[in-house]
Amino acid sequence: MSTLKEQIAETIRNYHQRGWSPATSTNYSFLDENTTIWVSRSGVDKSQFSAEDFITVDKNGRPTGKYAGVKPSAETLIHCVLYELFPETKVILHSHSVFPVLMSNMYQQEVPFEGYEVQKGFAGETTHDATVRIPVFDNTQDMIDFARTLRSNQARIRHHSFIMRKHGTYAWGTSLFEAKRHLETLEYLSEVQYRNVLLK
Amino acid sequence: MSTLKEQIAETIRNYHQRGWSPATSTNYSFLDENTTIWVSRSGVDKSQFSAEDFITVDKNGRPTGKYAGVKPSAETLIHCVLYELFPETKVILHSHSVFPVLMSNMYQQEVPFEGYEVQKGFAGETTHDATVRIPVFDNTQDMIDFARTLRSNQARIRHHSFIMRKHGTYAWGTSLFEAKRHLETLEYLSEVQYRNVLLK
Amino acid sequence: MSTLKEQIAETIRNYHQRGWSPATSTNYSFLDENTTIWVSRSGVDKSQFSAEDFITVDKNGRPTGKYAGVKPSAETLIHCVLYELFPETKVILHSHSVFPVLMSNMYQQEVPFEGYEVQKGFAGETTHDATVRIPVFDNTQDMIDFARTLRSNQARIRHHSFIMRKHGTYAWGTSLFEAKRHLETLEYLSEVQYRNVLLK
Amino acid sequence: MSTLKEQIAETIRNYHQRGWSPATSTNYSFLDENTTIWVSRSGVDKSQFSAEDFITVDKNGRPTGKYAGVKPSAETLIHCVLYELFPETKVILHSHSVFPVLMSNMYQQEVPFEGYEVQKGFAGETTHDATVRIPVFDNTQDMIDFARTLRSNQARIRHHSFIMRKHGTYAWGTSLFEAKRHLETLEYLSEVQYRNVLLK
């Protein structure tokens, strides 16, 4: 287990360095071999995030065992619902990177990416000759409400990721490797789309 | 003490690497357990800044003790006044990063950030559904004059930070961690706002 | 041999860090002293790429020897054809960096760079006072078709590089050093051209 | 001596990492205690530049002593003339960074920077409340001709730096520290100016 924990912690520190988790924001989770959910605890400086900053929670996002008194990330419930809706998921990443946030200012319901080779970074996509649509959901501080939004929009989430408006992205996968691929694919496509729109 | 000094020095070198303290510019300070002010001395290359580059000053910014002959940063008085006006402050950071400077070209009195999740990086903000207003003050080389500006505008400084026009940002907190959070929050929001305006 | 392998692997990890190989995408190859082609295998996280991730293939891109069962990069055939068409080539690099992709949205047949000193980064260019034209080819998932495109456009490829539309760049050279120079030259010129067009 | 050599070599590798010396381009020099000129030799990958890559040249840019057979940078004569025209100079840096190159597309004779705090990074500037004018000279491959341009425009070079059109910047100082300060100041101001113009 410690290996995956360490690898995710390293990914987090790396994403912080890239400017994807400014201040203390963003949160991360994974499922261990007993299908226990481990989520990043609240308020940690992501430049210093270590494997010890993960805590266990139950299906409703409440800390369990020796972590009962520790405060998990405020968005823990989002992680729990994603593991429920997409049961193959093992790792969930979250980013506040600038370009997907700008996408959510440009597009109301979903961001369409069309004709880019890197779209193949999303599992199941085998050609550039397609349109990938990433859903955009309004931001909220009410996690129970947002969990409801995710449930009712499950069918629209076809690429292991979504954008929260003026907030950031969630991306996940069956491994850290796949989760990273989905997150980096969405980040890259958002940057290209943004820079391309400026040309017009 | 040396630990906090070291941590701030590391933060400074990191910010230099990000391009937030070009040339020798920018300055930093902290309060030790005896409420003595330590401020970065003048003219140090920030890529090489070390814990030894902090010197003690009195409430008026004059070097004290064994540092009596050393030249503190030209903006030391700003630090002194901030510790006086906001007595809970322990660490003050300063940046010349590009995006807040661009904000000060776009907005005359204050920069409004509205609806972004990262606004919660400012202590006391609990929702994205709000407008955060960061004051912009004209730049000056007369620190006594600027100290007066800070005093008379104290009520407008509600988010532990401000922008000096065509100069940079100051941000502070009750710990290095909080000061960094405020600085990085302002930096991030300025970048998003700038890039968003280009879309229009 | 291991030295060149190591050097290319280090280059790949460095390019990943710069954002030129998001997700798992991009691929790389070199020719050893026996003119055997070594190509990066499929699906490796480029942040972790090591010398062991290269495998040998024959002139048609089929894995050979002990690598017979391993899956090479989907674009291996492009590498094979380039070694055939430009026999002095020893190293081939590929990037998905953002700016050349944006160039391919702006220009249909070829990207003209004019009057920049860095154009001399392309072997054979001795002055800034010239126009360098880099061909743009439509992207495809059919590598046999693309190999045909390369063969029939060989005469248009005069600067050891080309752009695949909405996909990325290929650049090569008689050494890793020269291949890097060509790739970085194309990347730099694309960024300058993009940023310059925004001014208009 | 070896210390300054090492420090400059480290600066070069750092600038390469920032994208200021793409491909093999850019060149650097310093004066040792015997006023001998040391200049970077031609064609070295700047990501690998080491102290051993400096060679001695005479006042006309010809390699001397044991370096007689080695090829110095093509722009060596520019360094020699700068040491002659500005005799206090000890270190000369050169960059191909993107933003000053964009400035040279926007301004014909000189780039005016006005009202920015960072202008104080140029030696002798004591206030933001001024206009700093950096001369822009047309690029050429004829170094003897360019040396003439520098001589006849000496009076216009008031800030220890200039821009070569569509080529890059030269900046120098009485120490590595000052030369870096001048180069980074020009780079920063060019980025701010560029991004500011996009707002209009």
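Per-chain numbering from 1; labels A, B, C and D assigned in written order.
The rule we apply is simple: a contact is a pair of C-beta atoms (placed from the backbone, for glycine too) under 8 Å apart; a residue touches a chain by one contact, two chains touch by 3 or more.
Protein names from UniProt, one per chain: A, B, C, D = Methylthioribulose-1-phosphate dehydratase.
This is a predicted model, so every value here is computed, not measured.
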Neighbour overlap between subunit B and subunit D returns none
Taking shared numbers over all numbers used, above half giving same and below half different, the subunit A and subunit C interface sides are different
So the chain most remote from subunit C by C-alpha centre is B
Averaging C-alpha coordinates per chain, one finds the centres of subunit A and subunit D separated by a number of Å equal to 44
Between the Cα centroids of subunit A and subunit B the separation in whole angstrom comes to 31
So subunit B residues touching two or more other chains come to 198
So, in the complex, the side of subunit C touching subunit D is made of residues 14, 115-118, 120-121, 126-129, 177, 180-182, 184-185, 187-188, 191-192, 195-196, 198-199
Seen from subunit B, its contact residues with subunit D in the complex are 19, 22-25, 45, 47, 96, 98, 101-102, 105-106, 139, 141, 164, 166-168, 194, 197-198
